[in-house]
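In what follows, structures are represented as structure tokens.
Okay, so chain A shows up in both of these, paired with chain B first and chain C after.
Here is the complex of A and B:
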């Protein structure tokens, strides 16, 4: 039975894989991964509960946990304005991107029209193009329109950044809806628009949800364009505002941490509640009809 | 070759729509990228496209069940979709109940369709699926409820009404698709290979149900299939299509008995018709192949003479000797028409026609009948089954269908006789049947 090449016996290998894929090892691996991800966040939260002096004390758990840092950040530093900016920018961006990406994705998935492939490649290419490459002309354009330091300027940038990807995701979702279903609806008495509304759109609803969530999350965390366009808290979203706690000389760690926690909370809520859609959006096309 | 009567004649006679569906010189050309070229606008002479339907004219009578049958890519589905309004004809016209619907949207045609993969609405319950065609048309709720209930009862799917399509078996989905088509009581039913996704047993059963349903509802139906058995069993009339053209239209029995050309003869019937190339000789009319010579029965010989006279009278005369006109033909004879007998066994005295010595190489008992593949018995013939490159071709020289009680065994020496009144003679060049009876008046 012994094979010349078999240095390790079958029994040994079996035992090894039995342990390696066993419950203990598996759980240890998962735990290690979780610690890697969660430890910085835990530290962030703990730091945000400390006082200015407490930050430098050699201990993890704050001696006197306090929300003072949050009060100073949100109220005194008027960080609430940044939260509001972020909410407005992300929501408006999401609404506009979804309103455009859904019909565009449907058109690309169903209709042939002149230069359709070329236009679609253009859409994809604009997504692949490094945004930093156009940041100077974009800045000048926004300046010329008088939109510097406004939410509108940031919203326009965010639409540019996320619309192509969302068109692509929506198209892939619509491709999973068989064309025969559209056709059945047409024969059953629908107009094109009714077929879309009553049959195709409901079937692509997980895709619409995914596009909403992804656009919101991406817009919420976008830094580069928002940083360039906004100067004051009248436009600064959270991602940029957090950075302003890094001073010229010193860093207010507890305030920075408090601001960061505030910035993370909405993202976490979205992921916790809409996990399913986020995953299906990122693997667009893999979703099967139930 | 297309022998459909010109439907325009009837329209001129009067406005009463004797035909539910009339398809008039339909041409559907697809551009290279798969979009239907609607023929409008500039004709840039684009030859890169595919002509899926190439001049099809058909008329379907009120209440008739017409089956479009043909191999894949013959244009049958495109024809059906054009009737539904899902493809835009490049040329030609489509009339439903006498009204020209060529440019109309599907919803304005009063047709309903069963799709190959059913195309049920996965997010709606069975009830929702059945109600949808009515709800879109703003039918009052009480009426919808009644009609859905009645449809569900007639198809035996009442207990499924609150399930979603994903929870149904293929056969159940198929019934729901049928139900969605009949619930609206349209002028015309269109069915695009509705049975092809079912397993063999269920297919036969559902086939019978569709036949029964049609008898009960009596609605004009156009049914597309590639399965000749479905076509034969379901159709009041069959239209055999190939390469975007109609080859022959008529009742199943007529197409089976009197195929218009070699393609129809080969397509209908299983196992397929035996073909053997030969030379046509006259006085008496006979076909000589390398193995046997068949004297044609009087009736067929007469028809043959008529055809040849016609074509000789035309400018397109075939190469011929003036006295006896030999020409290249193909002989066709159905497997069930061949008589297979053990050597020396001659109890069937009334058999006429040439008898050829042959040897079975494959014997397939099917229970009610036995299919025998035979090779001619003569030194250089094949002795045993040999695989051939073309899987579609017959394993032997001839295929016969025989009574299981009298089936020969492999290797046994037999004689095969070819009854002269059952052979067809096809022009080898055009494939046209030179001996078939004319299609019945329709």
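Here is the complex of A and C:
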């Protein structure tokens, strides 16, 4: 009996120290991670509030914070056009990709058909294919269609970039809806389309939300294709336009910072409000279904 | 009332939530659409997506492979010569150096993102307060969500070799250095710097995947291990790690593969410089194909890059689809 009591108290002591030391280490780790992530962003915001010479002063916080850089970038340099381009490109890409990927993911999750596994593996491969490998054919194809320096050209490239991944993600979400649900609906007299539209799709709504949000974010972030296809502000998204402040010799830092802050605000808002969907989408896109 | 599905048993349709559609089925054309979908579900659901993938992906790939077989140099007549570009590529000493730099970059980035992501996931997973946990995840995800060029340029600004760059400001204020460090301007350190930024960018993804892995571990196992007197380290070694292994494998494959081909960090940060110190294969492909307009050579390099990627992709597919036959 005493033996037992001693063991318990030993275990309790050990547990207490384990928890206490674990908690300190844990919070230090997270704090370090947060500083590493947030410090550059904070530095960017602080820089964007400085003016001309203020950028080069040895200060962290601007002496008199001003929105002058934002006005110059958005109004004088007309970067509001780039923001508009970003919104148009990302939204249209999202609508098209989701409209195509949701039914396709449903098909992969439900039907057996000739070469189904092979086609599915093909979809995964096209998602893992390095886009840098086909920039030249892409550029020439887009040029041949007369779509250089247009939003449509960028949208085409973005559909290529994200459609296969979203098909894969949707398939994984549909796999979490039991096939028996469709069958019950069909037995009740639904057509296939009704079963999909009114029974399965509502159950897979979190997946559709995740795919919408991921596509939007990916499209907003993308650099290579948007950079290659766009030349002027008539097509250039804001995520590419920031790069135009990098000159041959000098960089206009406070204006670059202001443009960059404008470019990151939407992505931050999306992450803040839809974190759950971003996480579930990233997870479903990396792991196997079921 | 011979319109087929309008005969839906109302109670049954209501129970499965299919009610609203019965009205729209009144029209004959609509009924035809429905019966067409019933007859060819795969065609309707999958057809459009596959067609689009064929047009926007498969065609350019075929184009690229074909182009790599033609000898095209600026100022030279284009002719079919399958080995011309590949020989030029393999004979070039610089390609080997770029390959080494790419390897350093991708492995370094992976080490950082995997290590950092795993440690953060272990820490965040143990945070009890749900609200706090969500807040931490959200803030850490910022590194992933930012536009790639913004990430590159922000870090360039942090690392800039002047007293007004953030890093140098901090180091000077803390008295750790006497003169600003030129991390991005020196060949030795530039590759380290871009590698770090790439890892920084990919760490949140690793964290998310590892978190999913940690949540798949049954809590009872830890209790059992605790009762058996296992130390923290033993619990990690014998409970956490075995469960985490497939998730770590996926992070390794995806993060390495994507870092191996990365363009959007290096190019905006350094454009491959100083000199060619940070030129990765992807940057070289861009430079050859889009700047020098040496399409054949660019295509041959691309095929090399693609081949490496596809080998990794094949491993990934095996890991992810192990259960597809079942």
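FYI, the second predicted complex is superposed on the first by the 263 of 290 C-alpha atoms of A that agree within 3 Å, B and C clash if a C-alpha of one lies under 4 Å from a C-alpha of the other, contacts with A are read in each partner's own complex, and residues count from 1 in each chain.
The rule is simple: a residue touches a chain if its C-beta (ideal position, glycine included) is under 8 Å from a C-beta of that chain, and two chains touch if they have at least 3 such contacts.
Computed from a predicted model, the values in this text were never measured in an experiment.
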Superposed model, chain A: greater residue contact from chain B or chain C: C
Of the partners chain B and chain C, which touch A:264 in the superposed model: first, second, both, neither? second
First (chain B), second (chain C), both or neither: which does A:212 touch? neither
Determine, under the contact definition given at the top, whether A:98 touches first (chain B), second (chain C), both, or neither. neither
Applying the touch criterion given at the start, work out whether A:229 contacts chain B, chain C, both or neither, answering first, second, both or neither. neither
With the two structures laid over each other on chain A, which partner does A:74 touch: chain B (first), chain C (second), both, or neither? neither
Touched partner set for A:183, first chain B, second chain C, both or neither: first
Per the contact definition in the header, classify A:119: touching chain B only (first), chain C only (second), both, or neither. second
Go through the superposed model and pick first if A:198 touches only chain B, second if only chain C, both, or neither. both
So which positions on chain A get touched by both chain B and chain C? 184-185, 187-191, 194, 198-199, 202, 290
Inside the complex, what are the residues of chain B that reach chain A? 33-35, 84-86, 105-107, 111-113, 115-117, 119-123, 132-133, 136-137, 164, 166, 180, 184, 190
Across the complex, what residues on chain A touch chain B? 112, 178, 180-181, 183-191, 194, 198-199, 202-203, 289-290
Going by the contact rule set out above, which residues of chain C touch chain A in the complex? 5, 7-9, 12-13, 15-21, 25, 33-35, 37-38, 41-42, 44-46, 48-50, 52-53, 56-61, 63-64, 67, 116, 119-120, 122-124, 126-127, 134, 136-143, 145-150, 153-158, 162-164, 166, 169, 172, 200, 205, 208-209, 211-212, 226, 229, 232, 247, 250-251, 254, 257, 260-261, 263-264, 267-268, 282, 285-286, 289-290, 295, 298-299, 302-303, 305-306, 309-310, 312-313, 316-317, 320-325
How about chain A: which of its residues touch chain C in the complex? 11, 15, 18, 22, 25-27, 29-30, 33-34, 36-41, 43-44, 47, 55-58, 60, 100-101, 103-104, 106-108, 110-111, 113, 117, 119-121, 123-126, 128-141, 156-157, 159-160, 163-164, 167, 184-185, 187-199, 202, 217, 220-224, 227-228, 238-240, 242-243, 246, 251, 253, 256-257, 260, 263-264, 267-268, 270-272, 275-276, 278-279, 282-283, 286-288, 290
